[in-house]
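Quick heads-up: structures coming right below.
Below are two complexes that have chain A in common, paired first with chain B and then with chain C.
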Partner chain A sequence: MIWQNWLLIMILLSSLVPGLIIFTLAESNRAWRTTLNLLGATMKMVLVLVMIIGISQGHSFAAHLSLLPGLELVLRADPLSALFVALSTLLWLFTTIYAVAYLEDAPNRSHFFGYFSICVSVTIGIALAGNLLTFLFFFEMLTLTTYPLVIHRGTAEAMAAGRLYLLYSLSGGLLLFVGVVWLHVLAGQIDFSRPGLLVPLLVQHRQSLILIFFLLMAGVGVKAALVPLHGWLPRAMVAPAPVSALLHAVAVVKAGAFGIMRIVLDVYGLPLSRELGLLMPLTLAATLTIIYGSLLAIRQDNLKRRLAYSTVSQVSYIALGISIGNPLAIMGGMVHLVHQGIMKITLFFCAGNIAETLGLHNISRMNGVGRRLPLTMAAFTLAAMGMIGLPPMAGFVSKWYLGLGAIEQPGHGWLLVVLVLSSLLNAAYFLPIIYGAWFRKQEEAWPEDSGRKGNWECHWMLVVPPLITAVVSLLVGLLANSNLSPLAWVRFIVSTRYGP
Partner chain B sequence: MTSQLLNNGQAGVLLLSLVPGLPLLVALLLVMRSSRRTGMRFAAWSTLPALAAALLLQPGIDLEVAWFFMGGRMGIDEMGRSFLLLAALVWGAAAWFAHGYLGDDPQRHRFFFFYLITMAFNFGLILAQDMLGFYLFFGLMSISAYGLIVHRGSPEARRAGRVYMVLVMVGEILLFSGMVLMAARLPDLELATIAASPTGNLSLTLLFIGFGIKAGLLPLHVWLPLAHPVAPAPASAVLSGVMIKAGLLGWLRFLPMSQEIILPGWGEALIILGLMAAFYGVAIGLTQTDTKTILAYSSISQMGIMTMLVGCGLLAPNQWPQVATAVSIYALHHGLAKASLFLATGLPMAQKNSQAAPYLILLPALALAGLPLTSGAIAKFAMKEIVHGLPAPWLTLLGCVLPLTALATTLIVCHFLKTMAARQPQETARGAAVMTRAWLLLWLAVALLPWFWPHQQAYAAHVTQLNLIWQGLWPVLAGGAMMLAAWRWWPSGRGISVPAGDILWIFWSQDHPPTAAKRPPQQKQRSDKEALSQQLQQIFHLVARHSRRLEKMLMRWSLTGTAYLLLGLLFLVLLLK
Partner chain C sequence: MTNPALHSSAWLIWPVAAPLTGALLTFLFKDHSRRLGLFFAALSSGLGTALAWQILGHGPAHYALGGWQPPLGIALRADGPAALMVMMTAITGLAVSIYSGGYFQSRRRNSKHHALHSAQEHAFWSLWLLLWAALNGLFLSNDIFNIYVSLELVTLSSVGLTALSGKPPSLVAAMRYLLVSLLGSLSFLLGVGFFYKAYGTLALTAIINSLSLSPPTSMALALISIGLLLKSALFPFHFWLPPAHANALTPVSAILSGLVIKGSWYLFYRFWHVELIFTAVGLVPAILGGAAIIWGAWQAFAQQRLKMLVAYSTVAQIGYLFVAFPLLAETSGQGHGALFYFAISHSCAKGAMFLAAGTFFLQMGHDRIRDLAGVRQLLPVSSFAFGLAALTIMGLPPSGGFIAKYLYINTAINQGLWWLALLILLGSGLSAAYIFRAVSAILSPQLLRIRPALVVSASMQWSALTLALISLLLGIIAPLPLALLEVS
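This part shows the complex of A and B:
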């Protein structure tokens, strides 16, 4: 049927077109801009829903564009892409609502929202990429579209952070490019739907395959902020809060983690990766990142910087799950793609509220903030509890499956200690914030207070998105066993594609 | 009639879900300013579903909720019923008491919010019939109880809260690892499966310590004597009366309770650990000067006895059913008696309508010591029955030691009573009438329940025999006599004083001086301790500085360098091929 081929294109265009139109709008044309944004987000939501229902009923969606013989751009929706697309779409909607209120009266809003929409389209492109070349194309595009968002404020600090971000991302992109080209030379077009493609090369090109793997991992590892490639992430937090939220929860960091999944699961495939001994190095890198990120997070006093290091640590749960490589662990890692996104976006929304409403950036000055911003801090508390991995929050579900996977995989039992240590460290850097906000008294006047807005503690569009995402992060844990939870979808992915 | 209606079909399931559901709903009412008054009115009543469930539902009812969390099952079993009754009575009476106790404390809504959610989670963990449900409610209860401990907001309360929270987090990760290890080898996660399956020593150890933190196991008991004196009296009552029993219930739920599974060494270890706690708690408790701290140490001692009972079950697995009953009876007895003593510390004794209280308090106090014809005597009798079934060396040993534990308990109870009597009469509080009524309710439960609750009734018939009365009486008399002698001849004020939290002070440096107790002058040791803590701090700073430098280096070492390095490497490889 025709509509099946057009659906994916439509999903891409539903945010791209509004983005392009917004560029042409005048700065003062707030009503049109917001309408376009919300229209695009809602439309995308409906289309994605159609796609997910289609996939669960066994339909397949694909679109091709041939560049050269043997080189084509392919969009294909498999259950794994649906997971990432759904996450991006949902969180994009909330972030747009948040950003509209957050950037009220700020300069260059057309510019901002234009890039914002395009950035989401590109992320969707990464999710839907059906072969390695398409993936590479969108992956490089992501760097270029997020750069303007990182430097949006235009301060010296923002420009420096932007330069660093470009430097890291472009170098990573270069490595990825070399890896992809090399792989193309050896094996031809790499389609994600045929994971056994590289197996015949095993005998002749063993060394090359190993080397290519490391090139590809270094490429996507920059975006996934694997230590020691994480340097740009904490600096990039100078961007406005909605950008940080999107960067950390959906677009950049997640694109990296998603890339790791694709390369291990769909390019190399688990049996080949294990045969080549590639999984253990990845496990070690993930472990190092988890612990190192948390250790550094404890030392930060700037809230957004602490959250950034927390992302470094948490995103590697995904890589860890994939690298353990049995169905339970893969489920844990994959579901964390969604869980971490929902929780982390909540935390960044809250950090944005605190900074925007009260002018507070440092944790040491946040005592008693729970009385002034009770709803914001309630959302923060829920999400932080989830990050620690306390039941019944989303984070616990991921941790539980990662733990079970680690135990079932011979020789990986020690990872349980890593998980537990990471939980403790998370508690060590989140609980003091919660404690200070709720149980300590305000010591000094807030640097600025933009005042209550009607019945709300600040603009309602700043409060509602984190509240919703916080409740969602509770519900996806509390209802993990229901048929509509991310866990159920991940179970479906693993049982259809990566099962035993 | 009602009971029949409840036990067939929907009504029972509805009641079961109301047990944790209603308190949570009322807690939600307390969050919003507009509905606070309504919430406060219903706070104490929201224990009624739990009470009704404990009294009316027959064991065996359960409710499977597949969509909930990771697939859950709630239900009532023999053991759960007994624990639920205890929880319902103590939480209910203490909530009522708290209305009077808090008076018009501006933070009372916050207190009741934490009180109600902690209570709901406590009920939930008793009803949970699967591993993750139990773990979920246990964790939630532990965390919400933090709000009860730090309610007063004083520096002592915060310090106690910090110690408590650290131990909760440690417990949480121990339980998580233990449960992951256990779950990896089980076909399903229902408690019935767990009880019948053998478990590895590692996961058993993790779970044992994880639950042990809550149960006040030595040496993880340190949070108890810190948290109890600083929490408001009704909070201490539920902490000591019910919540520490959750750790005990955890052991009973997760240690293998099957007659086929024998774990060498475990039974012996638990018995010895329990006995050590029983005497250690009393020894430290006798040096305390605060009534609630004394009671906290007494709880440590009593939990030691219950630990010993669980050890007996592991030593002789063929006795598990009896052990489970005996532990339930003991927990019920100790929970009610201890909660009523904790509430008594908050009673304004000089008040007109509580004039009888100084005499009434003797009953729960002496019941703890096992005075004949009290709930304590029944519990001790049930315990002796278990000991009679033990293999040879333990039979004799415990036969000798058990009366001594009763004697020790008598000592600490007398010490408590004397400290209570010596207190300054408190100001007249406005809520005195409410408090007295709530306290009398709990007192009646201590006095009457043993003769009516089916479990205890079976043993109650025995405790009226004359020789058994004498067996229960002599340790109490001897203890009382020893205490009288000590008061007569031991000059007061010359005792040894140990700061509350005992061994914890070894780890604390000088900037946290104990405020509650006088510190003995130990100059030399103090300087040693200071040096140690300074060294530790230096090491920490060193690590911190280096990690900062490493991070800076990584930041500066931009990726272009790496990329070209890797590219060069690559071409080298290609050339060499």
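This part shows the complex of A and C:
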């Protein structure tokens, strides 16, 4: 049917077109800008919903463009891409609402929203990429479209953070590029829907395959902030809060984690990865990242920086799940893509509120902030509990499956210790914030209190998005066993494609 | 001599005749030079495109001028590569022409020296159209003496264009350019003489087909190669290029960097496109090209002025045009694809970059990279154009440069030339470094304290953007130009 070929393109365009139009709008034209943004976000939601229903009923969606003889750009929706697309689309909607209020009266808003929409389109392209070349194509574009957002404030610090981001990402991109081209030379076009493609190369090209794997991992590992490729992420926190949301939850870091999934599961395939001994190095890298990220997070006093290191640590759960490599662990890792996104975006929204409303950036001065911003801090508390992994929150579900997978996999039992240790460390850097905010007295006047807005503690569009995402993060944990939860969808993915 | 596979087509003459007529008319009717110039630019562009379309549809063609067959008459011959070059000239040429229409008007409007700017404009149109005709002649000629004449015309009109701004630095640069180029021409002509003596014909295809490495042939090839390398500004013969390109009037910079360089490079390709030579000295241009990539990027990174940065970027990119010659030894044709795809993408992107840089210069009165922050507010369209063109220079998707980089690396890995793959990757990393020095200033979110009145016309900004968009478009329509290239 024709509409099935156009649906994916429409999903891409539903954020790209508003983005391009927004560039041409005058700075003061707030009404049109907001309308276009929300219209695009809503349209995308509807289209994605149609796609998900279609996939669950067994329809297939694809679009092709011939790029070179024997090479195609392919958009194809499989259940795994649907997971990422749904996450980005949903979080984009919330981030847009939040950003409209957050950037009120700030300069360069047309630019901000324009690039933001384009970033989301590119992320959707990454999610829907049907082969390795298409993935590379959009992955490189993501670097370039996020750069203007990272330097949005234009301060010397922001420019330096932007430079560092480019240095890491473009170097990673080059390694990824070599890996992809090399694989193409060996095996032709690498389709995600045919995972056995590389198996015939095993005998003749064993060394090359291993080397290529490391090249690809270095490329996506930069965006996924795997230690030691993580240096750019904490520095990039100078960007405005909605940009942090984009980097940490909607697009960039997620694109890296998604890339790890694709490469291990769909390019190499689990049997080949295991045969080549590639899973253990990945497990070790993920473990190192989880512990190291948490340790550094504890030492940060700046709230956004602490959250950034927390992302470094948390995103590696995804890689960890994939690298353990049995269905339970893969489920745990995959579902954490969604869970971490929802929780982390809540935390960054809240951090943005605290900074924007009260001028507070450092945790040591946030005592008593719960009285002034109760709703914000309630959302923060819920999300932080989830991050620590307390039942029945979202983070618990991820860790539960990761733990089950680790026990089931011979020789991986020690990972349980890592998981517990990581939870303790999470508690060590989140609980003091929560305790201080609720149970300590305010010690000094807030640096700059911009006041209450009507009945709300600050602009309602700043409060409602984190409240909703916090509640969602609770619900996806509570209702994990229902048919509509991310976990159910992940179970569907694993049982259809990566099952035993 | 006549190959039955070639069909005779009068289409070949028009891409040369139209701009030549335009050059004459703009020279004669000074008062209407702009309108005439624009008209003939559009006409030449249309006819060049039509020729490419013809070749794509009907295969290679030849045409004997006035019905006189060689060796008596002048013969034109168009195959895939030639048609692609004519097409490239048509696209970049038209964009530059439209830009120039606005450029001279804005300069006249914002200056007291009306007469000077008018004189510059008249001279520009005649010289530019003459250059256009000469380039097309060079691409389409099959007779090495004609090629020499075209090459000489290209040189002289380019030097004239370079000197046009009349400022001391550009006069000095033009003089240097003239001397280097004449030396190159002389060397080329000597080589032509040797060839004629050895093979008794001037037809390029005939010479190439019966080439054997004898002392006179080696001598001829060496002379011709040196001549062409001098004109192409391949490292270490690049010294004349940056001042010439950076100090010329903006449309001229775009023409020199985007098109003129490709003329002598294309001839080099024609002469070297024989397996015999690769085995003998195939590595020489590759090594020089590699050095150019590194040196050019390094110098570009150190520049303080935007136009100088873009000019040194050209020095580096010329390296890519030559570094890939070892890749041509493979018979699959992918090496040719890489080379030509790079050439056409670079033409559009570099053209767009210079055009955009020119709008910054005209608007701000300088092009110091450090002080360009905020220009985005005044000139959003050309800032955007600069950013998009940068994609091709860095070889990032979606752009023609990405396709070229892909083909380069793929072919290099395929042939086991790892050093070449690494060199190209290194160059691509370095290009990102210098490009972002400029892009981060241009796209910087800093606001201007005072907003001066706009002096740049919309047509200038939009022609830069169109050219940049074409360089992006090349990133997704690669099968079409590559199909044209295959025609032979």
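One rule holds in what follows: the second predicted complex is superposed on the first by the 500 of 500 C-alpha atoms of A that agree within 3 Å, B and C clash if a C-alpha of one lies under 4 Å from a C-alpha of the other, contacts with A are read in each partner's own complex, and residues count from 1 in each chain.
One rule holds in what follows: contacts are C-beta pairs under 8 Å (C-beta built on N, C-alpha and C of every residue); 3 or more make two chains touch, one makes a residue touch a chain.
None of these values were measured; they are calculated from a predicted model.
Considered on the superposed chain A, chain B and chain C are sterically compatible, since they fit side by side.
Of the two partner chains, neither chain B nor chain C is touched by A:C119. Looking at the superposed arrangement, the partner reaching more residues of chain A, out of chain B and chain C, is B. In the superposed model, A:G477 lies in contact with chain B only, and not with chain C.
Once the two complexes are overlaid on the shared chain, A:L144 sits against chain C while remaining clear of chain B. Within the superposed three-chain model, A:L174 lies in touch with chain B and with chain C [touch as defined at top].
Contacts of A:S66 after superposition on the shared chain: chain C is touched, whereas chain B is not. In the superposed pair of complexes, A:P228 makes contact with chain B only, with no contact to chain C.
Legend: residue contacts after superposition of the two complexes on their common chain; A:H152 is shown touching chain C, with no touch to chain B.
Once the two complexes are laid over each other on the shared chain, residue contacts for A:I407 go to chain B alone; chain C is not touched. Of the two partner chains, chain B is the only one that A:Q207 touches; chain C does not reach it.
Superposition on the common chain places the nearest Cα atoms of chain B and chain C 5 Å from each other.
Taken together, the two structures place residues 171, 174, 178 of chain A in contact with chain B in one case and with chain C in the other.
In the complex of the two chains, the chain A residues touching chain C come out as 23, 65-69, 73, 107-108, 111, 136-138, 140-141, 144, 148, 151-154, 159, 162-163, 166, 170-171, 173-174, 177-178, 181-182, 184-185.
Within the complex formed with chain A, the residues of chain B that make contact are 66-72, 132, 135-136, 139-140, 143, 150, 153, 158, 161, 165, 169-170, 172-173, 176-177, 180-181, 183-184, 544, 547-548, 551, 554-555, 557-560, 562-563, 566-567, 570, 573.
On the chain C side of its complex with chain A, the touching residues are 380, 384, 391, 394, 396-398, 402-403, 405-407, 409-410, 413-414, 421, 425, 428-429, 432, 436, 440, 443-447, 476, 478-479, 482.
Residue ranges on chain A touching chain B, taken from their complex, read 164, 167-168, 171-172, 174-175, 178, 207, 211, 215, 218, 222, 227-231, 235, 295-296, 299, 389-392, 397, 399-400, 403-404, 406-408, 416-417, 419-420, 423-424, 427, 431, 439, 477-483.
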